[in-house]
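Shared between the two complexes below is subunit A, which has subunit B as its partner in the first and subunit C in the second.
Up next, the complex of A and B:
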């Protein structure tokens, strides 16, 4: 039979492709250090995918590489190798692989890994990004939307609260580049974000609102920490937002068709 | 606001049917068969023995449980062989064509006496089985009353013949058929037509006209029913092709069942695509033989999205697809093969492509797919799944390459609901 190309691995590859602008910008400015880190996270993530392939016959997925990219870029710096291994193993296995692999998970494994590492080892410094890396999030998001693997509604929703905050002169500008980076790397994951149309708007809006809230109210937090925390909360709320959107949809149809 | 612009559907490859869809030639194949629909168990009683001669349109068999419903001969000829499964279930009844054969005339005097007379005529003439009742997508039960009927004058599947071509020159029959159907359902009758090429004739005023978009799946009956008049178990919704309504009009006028239907033949194993008028249940080999390029190929009854490999044209199909068979895959490493076989199926990732394939905003697609995968009948019903049959999710199947196929999951779900409903 003939078949189209939108299977899981194609979506994962397109997501990976969309992330390349950020990855290249980050590698360009991070140098060998960043490259080593990326290779290391790729290897650890790959090993866990192999383990689950052999033990549970779960086909390995390029989504593992997406996780690795997210962790390499956003996880706290100067962690020991053991700590990094521990974090990635926890995130990949308990946020993704035990559920049956990418597509059946509830939370984005990279979000879980980074939150685990960030809050588990609070002395480690969060990464800082030079401006071009933050800017590289824009082509990434654009590519994701054009390929149809990221939700435009979610991205627009995420711009609402920061936009309003900027218009009223609230000092959030410093957090925005990293927030955009996290939006492209973690929040727009098509599996872990809301899947309904209204849910997408709400999911993005919640992320944007949390970024603004944390940026103004969380004293002493690094920008990456702010964005990742907002991503974690938004991701946790996504099923609830979907459920609300579905309830509204069924109610509307019930009123229309009886 | 921009909904219709962005949520239209998908442009598919392989749409090779030439725009010259005029004047299709008639091609009656030497053999034809009466077969049940896919997955349908038809317990029958023979009216003509093996070897008997029949006129075109003559009832050959009737259903054992509901003797009023007949299956009629698609062409004049001889009943060559009848194959039954245990329990007198029809497998196939093959007929040989006889060009000098007669045509069978139905008594249409009863049809004038209200809906019951029309029902009897529809059931005797075999047109009854051209209706499809949702939920579940089977021909309607013998005494079932439709809550609404959708007359499908649009077909957006790739390479489909435009129903307008089938109706060309038969406007009077079609309008007579529509007028007859007007009082037949408990609720409204919808006539669905392409938004860009609306039907030119006069449609009776009781009929609601609906315009469908040009991209598949905008013209899929399931999507239109889901939007306009969702099917429920207590309120079944029927759909029927416009050509069959014209056939009904012809039977009402003359008493003779039209002998052909318009069928599009397309696919990548053909030298040329073609429109033909052939009899129902036509022999697909005979139909495509002169068109096929040499080499291994598969013949499907139906569009390449929802078609099934078949020998005979399936009862409701108006499309034949001939696909070249892929070369035998190379021998794979045992480890890869073992892994493939043991692997759990890959989940479907919600993307814009999937949403478009299910008609944009019509469904919360991800929730629907989750309900199918988890066999959650309650959520499935709530999301409007009862308006769907296999062909409505065929595009999503194609786009995502889902395994197991969504169409199979949907069928399993519908069967389960039907079983629970029967038990209750």
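Up next, the complex of A and C:
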């Protein structure tokens, strides 16, 4: 994608800018521990981008910083540095860099990293967020939509199922702040989410529905685990949803114009 | 592989350069399923190598008498009877491991590697060459299985062949086992990484690109 000002790095920088409210809120409440974690994930992610620049002449991208922010905030706590290095290396190399860099990947590398760490080390505790960090997801989503790097359809679609659940009194409220955080950090990634209009609605709707399903049916799961698993499933399904939207569109065209 | 290759060449070619698993991507179903530990990987490797060598010998012996129209049925019958023998032997002498391998020994019958070798090589070559070729392919398969099995057991349980290499946290040591290694997806990742590594070292194994970048000036011409 290259259209005037809008190259890949511009999108990455705007995404990063949109995430800042959450990052600052999280750093404010997390203190030095959180800052150290963020610096560490930034360094590891940056090293892999450098390695691929030197070995395969792939331009490094600020998207590496987006991955690092997502991993630092959502990955399970009390992992050793070695485990964190293993997880980030796996996620950024196998989910992003082998495909040729950000923009060609199928899944969000941060989602893959966090899911890898979560399933690989099931005893590690998932992070918990204070309420203001969850609220900070709202300005982040709003900024993303205003900048044009996040899909408004996807975000609205994601509110459908939780909204219905709340209206019928299903107890899902506890999972919603983290679900909003994950929505802003992982699900709305313009590369890994659906890119057609209908696909965006469906992708967001699927994410919201999965959050509700997991929150009511998955006993003993942490809220962050629920949201990240829903994000992984939703982004795995995104190409299928796009495909469905395209098939419907061609069918409609065929019927109208023969 | 030309007909002029010596026996040594036929034996060593499938180990890495023509490896059935990493180059031809044959027989990976079992390669993914039985590699949670080195012991099962080695048993499966032995069973498959025995089956592929013996069936190559038998089929090559009667290669001029197999009617072309029913050759697959004949081959499968021969392979299946050998598999049953091997399965019975495993159940008699290695009962525990045969339980852990469950259906995968019987499924050697339909293993693409075995049928691939009998169909493409044993039908056209004399018994000795066919058996050496089958042995090479069996060993190539075993090599991949052993490597993946060793990595999965080492990082998933901290042990090799049941002998504790890293003391795990449960046993008062330092190593936190990576549970993901014992789940099926890790075998996919490891096999993919292995294929990637081999093709980086031997670039002539890499396949041509399906798509070219439209906006790359180098491809425009």
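Details
What we mean here is this: the second predicted complex is superposed on the first by the 255 of 258 C-alpha atoms of A that agree within 3 Å, B and C clash if a C-alpha of one lies under 4 Å from a C-alpha of the other, contacts with A are read in each partner's own complex, and residues count from 1 in each chain.
Following the convention adopted for this analysis, a contact is a pair of C-beta atoms (placed from the backbone, for glycine too) under 8 Å apart; a residue touches a chain by one contact, two chains touch by 3 or more.
Predicted model only: the values in this text are computed from it and were never measured.
Contacts of A:98 after superposition on the shared chain: subunit C is touched, whereas subunit B is not. Of the two partner chains, subunit C is the only one that A:116 touches; subunit B does not reach it. More residues of subunit A are touched by B (comparison of subunit B with subunit C).
By the touch criterion stated above, A:246 is placed in contact with subunit B alone, subunit C being left untouched.
In the superposed pair of complexes, A:135 makes contact with neither subunit B nor subunit C.
In the superposition on chain A, A:83 makes contact with subunit C only, while subunit B stays out of contact range. According to the touch criterion, the shared surface of subunit A, contacted by subunit B in one complex and subunit C in the other, consists of residues 2. On the subunit A side of its complex with subunit B, the touching residues are 2-9, 11-12, 53, 56-59, 100-104, 148-149, 190-191, 195-197, 242, 245-246, 249-250, 253, 257.
Across the interface of their complex, subunit A is touched by residues 176, 178-181, 183, 189, 192-193, 196, 215 of subunit C.
Residues 2, 80, 83, 86, 90, 94, 98, 116, 119-123 of subunit A are the ones that touch subunit C when the two sit in their complex. Within the complex formed with subunit A, the subunit B residues making contact are 14, 229-230, 304, 323, 339, 342-344, 346-354, 361, 364-367, 382-384, 397-402.
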